[in-house]
Structures are given as C-alpha cells and as structure tokens.
Amino acid sequence: MSTGAVAAPDDVARPRRKRLSDRARAERRLAAMLVAPAAIVMIAVTAYPVVETLILSLQRADLRFPSANKFVGLDNYSAVLKAPVWWQDVGHTLIISVIAVSFQFVLGMLLALAMHRTLVARGLLRSIALVPYGIVAVVSAYSWDYAWGLDSGWIPKLLGLKSDPLSHPFGTYTAIIITEIWKNTPFMALLLLAGLALVSDELHEAAKVDGASAWQRFWRITVPLMKPAILVALLFRTLDEVRIFDVIYIFNQGANGTESISMLNYSTLLDRLNLGLGSAVSVLLFVLVAIIAFIFLKGFGAAAAPGGERA
Amino acid sequence: MPTRQDCVRVRRTIITVAAVLVGALLAGCGSSSSKGPVTLNWYVYPEPSGSFAYAASTCSKDSGGKYNIVMNLLSTSSDQQRVSEVRRLAAGDPSIDILAMDVDWTAEYATAKWIRPWPAALAAQVTRGDLPGPVATATWDGKLYAAPLNSNTEILWYRKDLLADIHQPPPTTWNQMIDDAAELAKMGKPHYIEEQGAQYEGLTVWFNSLVDSDGGGILTKSNQIIVGPSTEVAASIMHRLATSPAADPSLNVTEESQSETAFEHGTAAFQINYPFVWAAAHKDTPAIGKEMGYALFPRVNPSIAPKVSIGGYNLGVSAFSKHPQLAFDAVRCMIQPQFQRRDAIKGGLAPVLGNIYSEPAFIKAYPFSALIKAQLENYGLRPQTPVYADVTLAIQLALSPTSSIDPTSVVSTLRHEIKEALSSEALL
Amino acid sequence: MSLRARQRSGWSAAFVLIAVCSLVPVVWIVMLSLKTPATATDGSFIPHHWTLSNYKDIFKEGIFTSALRNSIGIGLISTALAVLLASMAAYAIARLDFPGKRAILAVSLAVVMFPQISLVGPLYNLWRQIGLYDTWPGLIIPYMTFALPLSIYVLSSFFREIPWELEQAAQVDGATPFQAFRKVIAPLAMPGIVTTFIIVFMICWNDFVFAISLTSTTNAETVPAAIAQFPGASQFTQPIGDIAAAAVVVTVPVMLLVLLFQRRIVAGLTAGAVKG
C-alpha cells in the first residue's frame, strides 16, 4: 500500500513582521487550538502503540499462557537476533525491496517522462497509469497469483513453462516482485512527475541551442534538478517495500523462502499470540526502517529533508 | 481558479458523501436485541451443503424457545479459523458460545482455559457410540473438552485404467506406489502422485501419518520429544516422492484442492486425499470419476497397518459463554445421528458414530466407508500439545520444500526446531 | 512522414504499451470472474463458458455484502474524521505564524512511513481488553495513523496555494467575515479538501494489514480481509470465481474515482507541484 505524497509543503510561514506581539500571541493561540486536535489524535494513535510495543517487548507475554507473564529484560531481543529465521527474513525483505524499487525507479522515470511530454491522449494516459495505483493491493495480488498458477494462469502458458513457477523460490520471487512493480510504478512516476514539473523548459531550450543531445540534457539538466524529488521518491518507495505484507500474504503466506519481516511479525503476534516476542520483532523492524531513512537522508544529501523539496 | 460549476459539483459531491455517511452509520447501528430465546453464537467454518445450518435451525426449533443458534461463519482455511477464534478467545469475548474446533486445537484451548470441560456424565453421553479416534482428539489431560462432530481421514485414490495399463494391483506401500508412478512415466502415461506438499497444515498431516505408520511418533502425551528413526523413514519417503517422476511440478504449492483439480484434469495416477474428492470428481469430470478406485492409505512399513492422522471437527463450549448449560444442550442436539447422517451424505463429512458406517444409505454415498471406518479405528493423532500451532510450524519449516529434505540431518533439525517450538519463546 | 507525425506515432506506441501493461491484470481478473467454476482453472485468458453466477453468489452470501458495508462505512468515517481534523491543522499551518510548523509536517511524514504491522500487536492487546476488537471503531482509530498525517500533508500544500488575501479584499468590499469565508475561502479550499478526501478514502479502502489483524467476523471485516477468507465449495476448495468477482466489485469504485478525478488525484499526490 502506498501512503504518501511527494512535495513537502515547504516552510509555509508567511513572512510577517512581529510588530504587535499581542497579535502574534493571539495568532499562536488560535494556531494551537486548530492544530491541537489533529496533533493529539495523531500522537495518541501512534505514540500509545509505540510505547506499549516497547514495554511488551521486554516481557514474556504469550496470550496462550497468561499465567507465565513476566518481565524478561532483553531476552526477546536476543531470541530474535539469534534466530536464523530473522536474518533470513531480513534478507528476503531487502532482496525484494532493492529489486522492486530499482525497477520501479527506471520504469517510473520512463512513465513520468511519458506523462510529462506525451502529445497523445495525455489525460487518458494519466487515468490509465493511475489504475494500478488505485487498485486494492489484495486484488492485484490475487490477479497476479492466479495469472502465475500452472493450471489456472495465462503466464505459464504464454511462457511455455512446464513446471509451476510458484513452486520454487526463483519463480515466486519473480511473481511477487512483478506484482509490486506493477502496483507501485505509477506512484513512483507521480512522485517523479512532480520533480519534472520543476525543470523549466527554458533551460532545455538553452541547452538545445548549445547543441546538447536529448540524452545529455536528461542527465545534465533534468536529473540534477530533480534530485530532491528522486530522493523523496526512492525513500518513500523503499520504506513502503520494506514493510511488504499484502502480496506475500495472498501468494503463499511466506512459504518458499519468501517470508518478509512483516509476515514474520504478523504470525508471531497474531497466529502464535506471542505478544512479547512479536513486539521485539516490531521494534527491530522499526529500527531497520529508521536506519534506512537515516541512510537516505544523510547519505544522499540533506536536500530531501521534509520541506526541502525545493532545492 | 475554480469556476462556479466546479463549486456546484463539489457541493453535490459533499452532500452525496454526507448522505452515504449517515446511511452507513445507521446501517452499522441498526441491530438491536429483543426478548425471546437466548441467542447462542456458533463460530463455525462454512459448510456448503447446508447441513450445519439445518442442524442449527432444527435444534433451535426443537429447544422449545430456550435458545436460538446463530451461525458465525469463519474462513475456509483451518489456520485462519483458528486465528479468528483464538484472537476472540484471548479477548475473553462473551459473544462466543459454541466453537467448531479442528481436532488439533483441543490441548491449546483447554490449557489456556478458553473452553469448558464437559461434565463427566454429559461426556459419557455425547461420546456414546463414537469411534475411538475422534474421541481421542477431543480429550486432553483425561477430560473431554469437546464433542466430536465429524471426522476425516485421507485414503488412496487411484486411476483403475492406468493401473490396468501396467498390470498392477493398487499399491499397498509408498515405495510400490512411487515405483508404479515411475513405470507409468516411462510409458508416457499420466503418473503424478498428488499429495499436499505446500508449506501448511497439510504437510504436517502427511509427515505425521508417515511417522505413525512406521510405528514412531513425534511427541508423547507429556510433551517429550521422541523424534527418532521413523522420522527419518518418513522424511526419506517424502524426499523420494518429491525427487521422483511421480512428483507433480506443483507439489510445493499443492493443497487439498490443487490435488483434487490435478486428479480431475487427468494428469495424476494417484492421489492421497479426503473423501470429498469422490463426489467432486463424479460431478466435475465423470470420465475420471468412473475410473476412480480407492484403497487404504499406503503402508510405510509393509508389516504395519497404516495409522493416518485424522482430521475433522469437534464442538467446544466457550469458557466465556454466558449460557454454558444451554450451549452444552445445543451441542448435544447438533451431534445427533440424524444430523451426522445428513452431514455425511450431503456434505461428504465422515461421521464419528460407528453405527452409521453400516447403514445402506451411507454406504451408497460412501462406497469406501469400510476403509474410512478402519482408518478411524486404527488412527493416528497429530502431536497433542498446547503449543501445537508452534510445533506444526516448526515441522513445516523443517520439511519444506520436500525436494530439499536431507534425510540424514532431518532428525536433528526436527528435534531442535520442535524443542524451540515447545519452549514457545523462540522465533519460528 | 514529418517529424511531428513521427513523434505522434511514437507516443501512440508508448500509450498502447502503457495501457496494455496497466490494464492486462485488471482485464484478467474480470475474465476470471466470468468463468464457470468448472473452467476457472483452465488457464485460458478468455472464458470458454461465460457466466455471471459468481456475482450472484457473492451477493447471496452475507459475508460479502456486510464486508462491503463495513468497507464503505469505515472508510468514509475514517476519511471524514481525518480530513476534518487535518483541515483545521492545515489551515493553521498555511495561514498562521507559529513555531513548530515544520515539526508537525516532519512528524506527519514519519508517521506515514511507520511500518503498520508494528502497531498491530499493542492495538490488538488493548482492543481485546476494552472490547474494540472486531468493531468499527477498532479499525477507524488505527486508520487515523495514516489517514490523518497524510491529510495534513496534502491539505497543507493545497492551502498554501490559496490566495488568502481575497478574504480581506472581500471584507473590505463590505462582506461579513462569515460571508467572506463562505463565498470566497470555502470555494477555494473545497477542491483541495475533496481531493484529499478521495486519496485518503482510496487508501483506507485499500488497507489489509489492520483489517486482517483487528477483525474476525462480518461485524467489521472489510472487503480485502473478507476476500482473503471466502468459503469454497468444500472445506478444502479455494473459490477462485467468487474471489475474482468480489475483487472486481471492490475495484469498480476505485476505477470510477480514478477516471473522474484523475487530474485532482495527480495534483494531490504530487501535492500541488504540478499545475493541474
């Protein structure tokens, strides 16, 4: 599922001289009143679960054995980090994320250029390209799952496959990653489209006059100017892929070596009802997401900080 | 700048949205309670022939206004049914009265005190005449925790025409069956053996049936791990099948319905599956149905009769029910012979009452009834343990995919995995 | 062929390619939903025997109709709540001068990116204790975790573009503050609010993680969760036709929104950076 929008509204404060401090104070009071409900709800619905997760992760809390609940310190964390399955699942998740996001980026860029420059049916093209974005993730997963099935699907027939692609890891990964690419490339393209719109035509014209080829103009003008948008797009999509759940759940619930971290977290929390152990997985997943976000923001330049959309 | 038209359109949109919103709210809050018979909520999997619904409505009517059974339908998948039930039970939800429980959840539910044990006198009544296998699945720690509703056991289905081609009788052992399949493969005939090799509960059933049929076991009643040589034998057979020409290329993703479909499509010569495939094949593909033969589950050890892990469902009464006595009454009513007979004939569910197996009407629908009865009398059980959900997961992880099982190391792997599962403190 | 004509045919080819890639999986699920149960697994793209029986089936079963009602109700309420709260906050962010503005936007962004599965454990644990498990509020509240920050985010960037000076101009022209708001500001703000509503509703409609974790019966199960649990013709059969039909039904509203509001959605998702 994709949640999010690209261009952080930049610092929207209207420059106002503080001539009247009374007036400024009144304005702040009004602002506080307007912002408070949203802020309180947002903090309540996220902060409570986060704190509770941290607390649960330090306890043995298995709902099947309520009498055995006790504080266990970091035992759950060491159980998770010692388990080969955790590291395997981190590996599966990263493989899917890296491949899916790479393809989404390349195809998304092409799609964005097409949506930006096309001379043919622009509105219709945008509508059609939005279809995969809007479609319910579970529906897209079922469609692709059945399409790949050896008996039920059209893909094995088209490719002339004799064996079932979904019965071994390579085929399953391919199917899952293609589903992700199909579903999310349009969103990637929209994020990039926002960046493309910031590239002025005059620059291109000037470069054209100077004899730059289309390829050179793309690399020398478009890409550098779009860098912040590219960064935001990659960050959004990567963080979304890292929490991949729906598609894997529908395909095979993580069999064939495709279990993702979210899938593991789900089964520990809600199938095994082991809230302590599951919460430790949640915290570690959160740490992983934070690390990835940090690498993106620091490693690729500060330009993509929230609000920094405009270079 | 938005035009005036824009504004009109927007206003209309908002009015529509508001109207839908109010409508939805009203719909959401519409239900109300009324005086009359006590409502008993029965959480049960969907039974397409309508036999459960018939039993529920008949019993409600016959209760003389004491109770009214309302069915709450769960998912088709047994794993998903358990998840729905345990999440509610762990929440102490008083709106559940009666639970349809897969046979291997008894220990978990009982240990967590989510279901009530049956009082001894009632227990004797509801199990009178039942086959021993189903009763064993409903018993934990010496007490009956649920009333057996139906049972299930996998037998061997084969294509008579194909066996005639290679002049062989129906195979009685796994090795013989795999050899037959290889011979058919050589002749270019349909030859797959359909088994449930996907990473899910069906894989545990397969494995456990093989282990028990070799005279071994996985866990004792007191949860000692007794994984031993039989485990290796069982894993070797699974590996042999998975790497032989008998393996359907989809083996790793095959569940019961895929087995059924493949057999009906005519690509398989053998199938290990539940009796529902009989009626389905005769209905979907009569040509295949005509050639369908049946036999006991193949042996692992030629000198030991097969012990197949039985399936089926029991009915438990929730510990959080506000009307446990009425719930016990309702369960007693719904497991009566007349309903079991109907379930069996219309719904293809094996009854737990031994007498039904000799009734002509039942034999007509279930020509293989003697085999089923024999397997329910000489039965196998999946490990009975409060952490069954973890143990079965561990087994599935250790044996999946079947083609990469290493029979030499599988015993130690399984022992380790099951030990982790029993502690319920390790990540699986 | 002139350069322009050649460009046109190039773009036409690109259009066809994009359309095929985008639509084939959708057409496939529609085709699947029109197959009879016996031919559902025949692997042919076009049904050999056409039927509408799958659609009749799903509307006959209480499971799907109640799931549809839950999806619509929960989606609309969540979205309305989120957009209402977010409008106030976004107005303050766009119009008023106060410290902590950037922080609110940054926190919103961080919250949107939160792995939802990490919230499910404690929510389930709390819900089971206070009786919100498998209820409408039990899904509406978690939906706030993404609906609210997203709404704040998208609305702020819409409101930023509004020429607020017009309000003062209207008042100077003699309008009362309320008239100025109703006649000038509300119409200017509405498109952004509607767009945000559509986008957020689509995302609520889409949710699977919370729905599969925090519901279990027709009480509150939404369509995506219900589809994944459809009953089959036997205890062991997956009802491919029913799943496909339900998938098509749940996709129709999304398609309509996308086709009707394409420009707004694109503008909303790119948050005002593209001139719609």
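Quick notes
Letters are used for the chains, namely A, B and C, taken in the order the chains are written, and counting of residues starts over at 1 for each.
As a convention for this text, a contact is a pair of C-beta atoms (placed from the backbone, for glycine too) under 8 Å apart; a residue touches a chain by one contact, two chains touch by 3 or more.
Note that this is a predicted model, so its numbers are computed, not measured.
In terms of which chains touch, the assembly is arranged so that all chains touch all other chains. Across all inter-chain contacts, the pair with the most C-beta pairs is A-C.
The mean-CA centres of chain A and chain B are about 37 angstrom from one another, to the nearest whole unit. Between chain A and chain C, the centres computed from C-alpha atoms are 16 Å apart.
Residue positions of chain C with contacts to 2 or more other chains are 41, 124, 228.
Multi-chain contact residues of chain A (touching two or more other chains) are listed as 151, 270.
The set of chain B residues touching two or more other chains comprises 83, 87, 90, 261, 265.
Chain B contributes residues 2, 6-7, 10-11, 13-14, 17, 20-21, 24-25, 27-28, 43, 45-48, 72-77, 80, 83-85, 87-88, 90-93, 255-257, 260-261, 265, 274, 276, 280, 284, 348 to its touches with chain C in the complex. In the complex of the two chains, the chain C residues touching chain B come out as 38, 41, 62-63, 69, 72-73, 76-77, 80, 124, 127-129, 131, 133-134, 136, 187-188, 190-191, 194, 197, 216-218, 228-239. Across the complex, chain A meets chain B through its residues 60, 62-66, 75-76, 79-80, 83, 85-86, 150-151, 162-164, 166-168, 252-253, 255-256, 264, 267-268, 270-274, 277, 281.
Interface residues of chain C facing chain A in the complex, by the touch rule stated above, are 4, 7-8, 11-12, 14-15, 18-19, 21-23, 25-26, 28-29, 32, 40-45, 85-86, 88-89, 91-99, 101-102, 104-126, 141-142, 144-146, 148-150, 152-154, 156-157, 160, 199, 202-203, 205-209, 212-213, 223-224, 227-228, 240, 243-244, 247, 250-251, 254-255, 257-259, 262-263, 265-266, 268-275. Residues of chain A that touch chain C in their complex: 1-9, 11-14, 16, 24, 27-28, 30-32, 34-35, 37-39, 41-42, 45-46, 48-50, 52-53, 56, 61, 111, 114, 118-121, 123-140, 142-144, 146-147, 149, 151-154, 156-157, 182, 186-187, 190-191, 193-195, 197-198, 236, 239-240, 242-243, 245-246, 249-250, 262, 265-266, 269-270, 275, 278-279, 282-283, 285-286, 289, 293, 305-307, 309.
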